[in-house]
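So that you can tell them apart, the chains are marked A, B, C and D in the order they are listed, and the count of residues begins at 1 in each.
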């Protein structure tokens, strides 16, 4: 544990209307509900924690196997297992509230109504700083098409959520689309306060011996260093297309990785799969960033945001 | 703090594809209880990316060492096998819930292959603390080489009854063939091994009203309860499906709870 | 060199109207024009060779750096450097004709007219067995939108090419789209004889020290094992959506990898980046497949195509 | 066939971050010519994925060995540094075009750091075949430790003139400060090292009409001419831009050809 979890000079950033003491968050679904890693991570040291995705009712998730390793990455098909809104508010949120860090609740639903109910249920709740809307969930009513892969559905959903809650809305985009910037712009127009990307890339792995997919679900979401170049590119394309801030993620392990996202235009970054490899990945990244800006004499990390030089010298 | 940078004190080639490593990790050795496991990073590159789970085979608090015993299965375990004394590995642990304390006089350990390590740790633990208890070991495997740590059990004064598929040692057949005499309310079974074996043991235990705990193996990404990857289907009232997490709710479960 | 390069029993497959002696091809852009690896690879052992992409006139390509390594993958921005149609026919094709293997010419253009001119120029040419149409090229006239990311442009292009050449047309799809199956269906409807996928995934890598992209071009195409789960998923989605055969590729290194694609529905596979790691990757794969079907008593590799079991047991 | 599975015969720590490895690879040793290089696979996992290029530092046909000398730069070279005698590595080579044969009497080798290996190979080669030629070595580096293989040159009876940025050995300054006396039509310069140095050498050579060959370093994926990744901008008539491939058209180019 870092002895002094106070705000570090030069690292605080504004993001989607909230102030983060530093630009490092724990990514949704890779940090549980925040309490599981209490022995390894002092939550006071993080910019924020994004919870596992919350739906209106508890969900039991997919049958195992739910994960499989791939070259420099992993596929997961957890099936959005979660305790549901009520248990989250009762059993999980109080713990998170005990720390000086931002709490962002990741939400999803299988219909516009479910999304709205979760957003409304978190509206006004003390200790919830923002909502991250996972739009990679299939719209069951619209025949299973993901909200996040149809610009019109996305726009409609965000507009409605914007009216259902007083919390800042961060829209977490699916990378499984053609032009990511179109979706970011749609979210922005619909009132999003920030964009978060990337979620996992849909993938599949087959075991030639059993001739079955290695995940019981068939396909799953690819995360980890393998997707980092894709994520950096999408952050870069998105940051140039919208005015609202971007939270970048996808395969971040080290300070260098995080800097790629920040230079590409991310105002903050989230650490996902890296936490599985190193439970202290997120706090180590905060410390690494602190050392980096000190060593390089950079007065404030915000100076680096979008700082990639793409023209000729 | 459960993260350790442990120096390898000793490595041993055991029978067949089995190996063991003694790790210098005082905090881990102190905290570890039988049934718990560790997550080891086998490479500092991103391929393979994830840690590998291994049960604790032994932990010596005063000496500050913890030991694992593993079978070379694929890439990760092959990399682990290449490590030499003096080199360091990243270890997270102890993780998971240990075997519960049980009041029964007759403790029956049933396992095979990579299921043996947690059972041995339990045997050594109970021998040191409650020497009055009777510990029985029923060990199964495909062949003689799978009867790992047999001498270690015997050195504790515990008799090992063995069964091998190919008859190369002990009874020719499966380990559950040996289980019948050890059923009943004065017995408690602790089992660890392949799922079909655990299922068979569980069924015999349930029918005979014998208390039974199983330690299950499920693919794990984090080992810490944050990824929800290691779902174990369990019985539940009402709901269609219900899962618990092998890494934090287990790996030890009451046999009655698991849905095979 | 394999001493006996004859057709191996159980490995020959029909693909897009041509017969391949085995289902292993060298992927475009990773095997030059076929002559460069003459010391390592006996071309007679391969199912086919797909040439580096050919345009109407020679292209000099992008400035360096053109490649950068990423976790379990690499980004390239070669910029489609090639000798142009004329020099290809004069200097490169005669060499390839000297072998008993299929020659597939990868073609591209910056306008429909350029595509058509290349396809027409290869029409009727002896020794050219099929054309692979790289549609990941930006349509300069339509403002730089890639032919392969707009269903209507794709359809129009393939219809025209179909009329311009007598060769089988294999359409190589871009993975940088939302629903790959829509594009495969569009190509099929327009007359494509086969689908090839995946091309590289657009990515970016930034050097935090220089704050510049590591590729002079800014972005590049991600290839190698990192993208394999994405490629297998797209082959699976595509093979179920169309009746024409699918050529699968993306991160294949080993026999197990190739089998994933075949089980997912690919009738043949192509080896790309693996050739950089192991110059003999393609012939080694042929031999590995031969051993696999022998060991597993599979009478013919075609029995495995699309054989993934996705339902419950 | 240019693919070899070579056993490491010997490894040597040299000054600073420099190391050398002697590889058992008879076919490679037989075929290799000065200026050529090899592509080495530093790991059997996919991270790092690509081979790394290294110039040949020495090749002994009769002994069947080839040697490389490298500087630890990043992950790949660190992994290479961990290999021990007896272990095997995958090597592809010899690749690329060697230094051309030049008629001049005075051969001037100009280089520094990782540019030294091909120059040393050339020196040894020419000493063995054309002992009448005068070979001069101008070696540069940031500091003394960068003056690698200096003793090897001296053992061949070749005097080394050194320049270091920090003045810790030889002239305090850059290696081109030493070049002036070696310009002119009876001299031929072979240079290998960082691009700014090559550029400076090339300009001095062009101005003084001295024949000059440079060996360039460019990022390579295949080393075989199939990926077109290793583009070197060259002068061309008419066309806007023109590139040649470092791996097959080079790595040795006529200094006049390269566009710096």
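Assume a contact is a pair of C-beta atoms (placed from the backbone, for glycine too) under 8 Å apart; a residue touches a chain by one contact, two chains touch by 3 or more.
Nothing here was measured: the structure is a model prediction, and the numbers come from that model.
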Original post:
Where the contacts of subunit A and subunit D overlap, which chains show up?
Top reply: B, C
**OP:** Please state whether B-C or A-B has more C-beta contact pairs across its interface.
**Re:** A-B
**OP:** Averaging only over C-alpha atoms, locate the centres of subunit B and subunit D and give their separation in whole Å.
**Re:** 54
Original post:
Per the centroid of Cα atoms for each chain, what is the distance between subunit B and subunit C, given in Å?
Top reply: 47
**OP:** Quick one: report the Å distance separating subunit C from subunit D, using the average Cα coordinate of each chain.
**Re:** 35
Original post:
Which subunit C residues reach two or more other chains?
Top reply: 71-73, 224-226
Original post:
Multi-chain contacts in subunit B: which residues touch at least two other chains?
Top reply: 46-48
**OP:** Make each chain a node and each touching pair an edge, then name the shape: line, ring, star, complete, other.
**Re:** complete
Original post:
In the complex of these two chains, what residues of subunit B are touching subunit A?
Top reply: 1-3, 41, 46-51, 90, 92, 218-222, 224-233, 239-243, 248
Subject >> Residues on subunit C engaged by subunit A in the complex (per definition of touch) >> reply: 70-73, 75, 149, 176-179, 201-206, 208, 210-213, 218-219, 222, 224-230, 232-233, 236, 251, 256, 259-260, 263-264, 307-310
Original post:
subunit D touches which residues of subunit A in the complex?
Top reply: 71-72, 225
Subject >> Residue ranges of subunit D touching subunit A (in the complex, touch as defined) >> reply: 46-47
Subject >> subunit B partner contacts - residues on subunit A that touch it in the complex >> reply: 1, 29-32, 36-37, 39-40, 52, 60-69, 71-74, 76, 78, 81, 224-226, 253, 273, 275-280
